[in-house]
Amino acid sequence: MSITFDLPRRLAAEALGTAMLVATVVGSGIMADRFTDDVALSLLGNTIPTGAILVVLITVLGPLSGAHFNPAVTMVFALRREIEANAALFYVVAQIVGGIAGSVVAHAMFELPLIQISATVRTGTGQWLAEVVAAFGLVLTILAGLRFRLDAIPWLVGLYITAAYWFTASTSFANPAVAIARALSDTFAGIRPVDLPGFILAEIFGALLAMALAGWMLAEEEAAIHALNELKGAE
Amino acid sequence: MSITFDLPRRLAAEALGTAMLVATVVGSGIMADRFTDDVALSLLGNTIPTGAILVVLITVLGPLSGAHFNPAVTMVFALRREIEANAALFYVVAQIVGGIAGSVVAHAMFELPLIQISATVRTGTGQWLAEVVAAFGLVLTILAGLRFRLDAIPWLVGLYITAAYWFTASTSFANPAVAIARALSDTFAGIRPVDLPGFILAEIFGALLAMALAGWMLAEEEAAIHALNELKGAE
Amino acid sequence: MSITFDLPRRLAAEALGTAMLVATVVGSGIMADRFTDDVALSLLGNTIPTGAILVVLITVLGPLSGAHFNPAVTMVFALRREIEANAALFYVVAQIVGGIAGSVVAHAMFELPLIQISATVRTGTGQWLAEVVAAFGLVLTILAGLRFRLDAIPWLVGLYITAAYWFTASTSFANPAVAIARALSDTFAGIRPVDLPGFILAEIFGALLAMALAGWMLAEEEAAIHALNELKGAE
Amino acid sequence: MSITFDLPRRLAAEALGTAMLVATVVGSGIMADRFTDDVALSLLGNTIPTGAILVVLITVLGPLSGAHFNPAVTMVFALRREIEANAALFYVVAQIVGGIAGSVVAHAMFELPLIQISATVRTGTGQWLAEVVAAFGLVLTILAGLRFRLDAIPWLVGLYITAAYWFTASTSFANPAVAIARALSDTFAGIRPVDLPGFILAEIFGALLAMALAGWMLAEEEAAIHALNELKGAE
């Protein structure tokens, strides 16, 4: 993938991708919630579209911007010096603006007030731990995917989030920009604005934890040295 | 994929593909509706088969005709001069005829009147916006897929529609030929004939919007120039 | 895939694959039926495992035997002279024996009488047409897959059956050996023995129809001639 | 995949992978159980995340440790001398420790007592046969996948378990380490400690059965000889 796109196109991709991701999360939540009283079924109607759209968005926008759609992911790439600090800041702004736009578009499609303030309580140590786990798994999946199976990353992220919707007690927000956008939707996918800081801090912590673990576990140098020594031993 | 098939085979592929797509949309809607009172579950029983059959049909018929199955998609390719205007007209006819046949076959399998007129109201600004979004996302997915991951297009379209069934308020028709065929089915997937023009116009508008955005965002020339300049800067 | 396996291994693969396919169809039907009163949910609990196991079985046993698991498919390959008539007969026997074994194993796992006679009525023109459509689509998927995307066939068949479970009024048996095995199970997936001939004839007819259409639509010779003529015209 | 990772990294991968697998099985079971009274829907909410996370974990951790996450699988590789006996023992310890940690983390996320003793009865010949079948199919899938489609193994295992959740009467534990961890969770996915020996023995037996069958059915030597003879015959 040698062609590099300029910053406006990359930012457009980040904003559009985060917008479509949030429109899917919020929109499918509204749809599911309208059609059933069974919360597990609503969650399934929320999970399957989100996992599916992630595969699509990362595949088609990844070559443009890297398809972060997530400030925690951009932060990790900035710390690894795989994106310039300046661009990273613009990325985060594009993600937040795009995410909010996605929430607004979802509301418009379902003829609801465009801007809402969520009243859904999501707080407490269980929820925070869940967000640490969710972001940890997401970032580890991305970093190991980049190391071993670049072409599979869209699928890996889509499937990871499909699972994390159910195995984390928080339904896996794992994304500060998406969390902010969801705070502006008083629907199935919402979160009270006052609960945002806890979620965002937990997500950042989980992302850093994964980055640290991956730094050791996937380390090329030591592994290569080990492999070389084995080869020598085999001579 | 260098072998070119002649027009009759291409039209047969378009008609057959659209027929099987509509038979799946209409048939699975009837099946789901018969078996449950939960509308979310019916929608799930409608979504999963549709997403699945799209992957199959685009994979096996794509090499024959390009697997448009959709006049909005054919229009975009005609405007981009990737299909001759004449062939495009035949494609659209084949899609509409095939779509209607698919509806008839679905009714025959479920022993219902072969031709029906839907009474399902689908109108209003929310629905129209939803169809703009649905077609916009579909065409953007296809154009970016053609640019970056040709082999993945069947999956991308199948997954995109899987998501769009839930995140758009209209359950994502996104296809004028399929919309016409669904107007002839007074079942779960139906739409009143009087509501067709609004849907079709919205779908065409969404497709054109995606084409315009892709024209800028995916532009090869500028991106290549940018890449060349970067290479020069690196020397 | 140049290595050829001997006939005993190929027959073992056909018997084992059909056994696991039927064990999945029958077993997941029993499981789903026990756990819910919603028939759509039971069908979903029947569909997802069947689609999933087909991808697995065709991938891992395909290199051994071709992974037919279906007398209608074996018949088509025999008529196309892609399998010897003798081997084809042995294949069909292995499929039927394997299918019945799969039914017995499913019953044993769920502690039900090992051999049962189904009382589920599945008959009438709607059902027969559905089986024609189901087998037609399956064989067309396989033949076009063999022509264009050999490596994708396991996924294509798994996804096709996932869709066909819902869009055909018969839930898509599409397989005489599986139909026979399902006649010996008085559970969710069953079919009255007296209804077998109608289903099997319809499946054979659908398979032959697909073979005839594919013979024209996918024809290499004419397509190649057409491509050559185009090339000449371009000179 | 020529780089070899050292034993600490491999053990970390086995422990982490088994932990995330168990956290998914147990966590999604708790989530599903809380949100619905329909047991089939709970099982679906348990199945989809488990299948999805298996694809992810095997893809991203497979290059590190082989992604066994399962003492029965490690045993088979040890018997085939594809892993040293010493390393195999460490693998099994890492899997059991990781599995228990996964159960604890799931409980912590859902604010339940961290260590619990399951009271869910899972015993009897039907259940044991189901575990034999489940482990047999899993190991056969892995061994045939290794032989024919190395790159597809993550998908094959994820899809196999997705199916086996439904077609085996035991919901397919198929894994002694995961079974032990589930005995420490008195939730949807639990199993009474007293029922563990029956499950573990059945799983080991099923794994050995698959290993024996694969030893014959996939045998390279005889197949190669056969292919050679055919080539000679063709001269």
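All chains are identified by letter, namely A, B, C and D, in their written order; residue positions are counted from 1 within each chain.
In this text, a contact is a pair of C-beta atoms (placed from the backbone, for glycine too) under 8 Å apart; a residue touches a chain by one contact, two chains touch by 3 or more.
This structure is a prediction, so every number in the text was calculated from the model and none was measured.
Peer 1: Name, by label, each chain that touches both members of the pair chain B and chain D.
Peer 2: A, C
Peer 1: Looking only at residue numbers at the chain B/chain C interface, is the share used by both copies over half or under half? Answer same or different.
Peer 2: Different: when the shared numbers are divided by all numbers used, the fraction is under half.
Peer 1: Return the chain whose centre of C-alpha atoms lies at maximal distance from the corresponding centre of chain D.
Peer 2: It is B.
Peer 1: In degrees and to the nearest 5, what turn takes the CA positions of chain C onto those of chain D?
Peer 2: 90
Peer 1: Could you please state the distance in Å, as a whole number, between where the Cα atoms of chain A are centred and where those of chain B are centred?
Peer 2: Once rounded, the distance between the two centres reads 28 Å.
Peer 1: For chain C, which residues are shared contacts with two or more other chains?
Peer 2: In chain C, the residues touching two or more other chains are 38, 41-42, 44, 48.
Peer 1: Could you list each pair of chains that touch one another?
Peer 2: Touching chain pairs, listed by label, come out as A-B, A-D, B-C, C-D.
Peer 1: Looking at the complex, which residues from chain D come into contact with chain C?
Peer 2: The touching residues are 38-44, 47-48, 51, 124-126, 129-130, 133, 137, 140-141, 144-145, 147-149, 152, 155-156, 159-160, 162-171, 216-218, 220, 222-224, 226-227, 230.
Peer 1: If you look only at chain D, which of its residues touch chain A in the complex?
Peer 2: By the definition above, chain D touches chain A via 2-6, 9, 12-13, 20, 23-24, 26-28, 31-32, 35-36, 38, 41-42, 44-46, 48-50, 52-53, 55-56, 59-64, 105-106, 108-111, 158.
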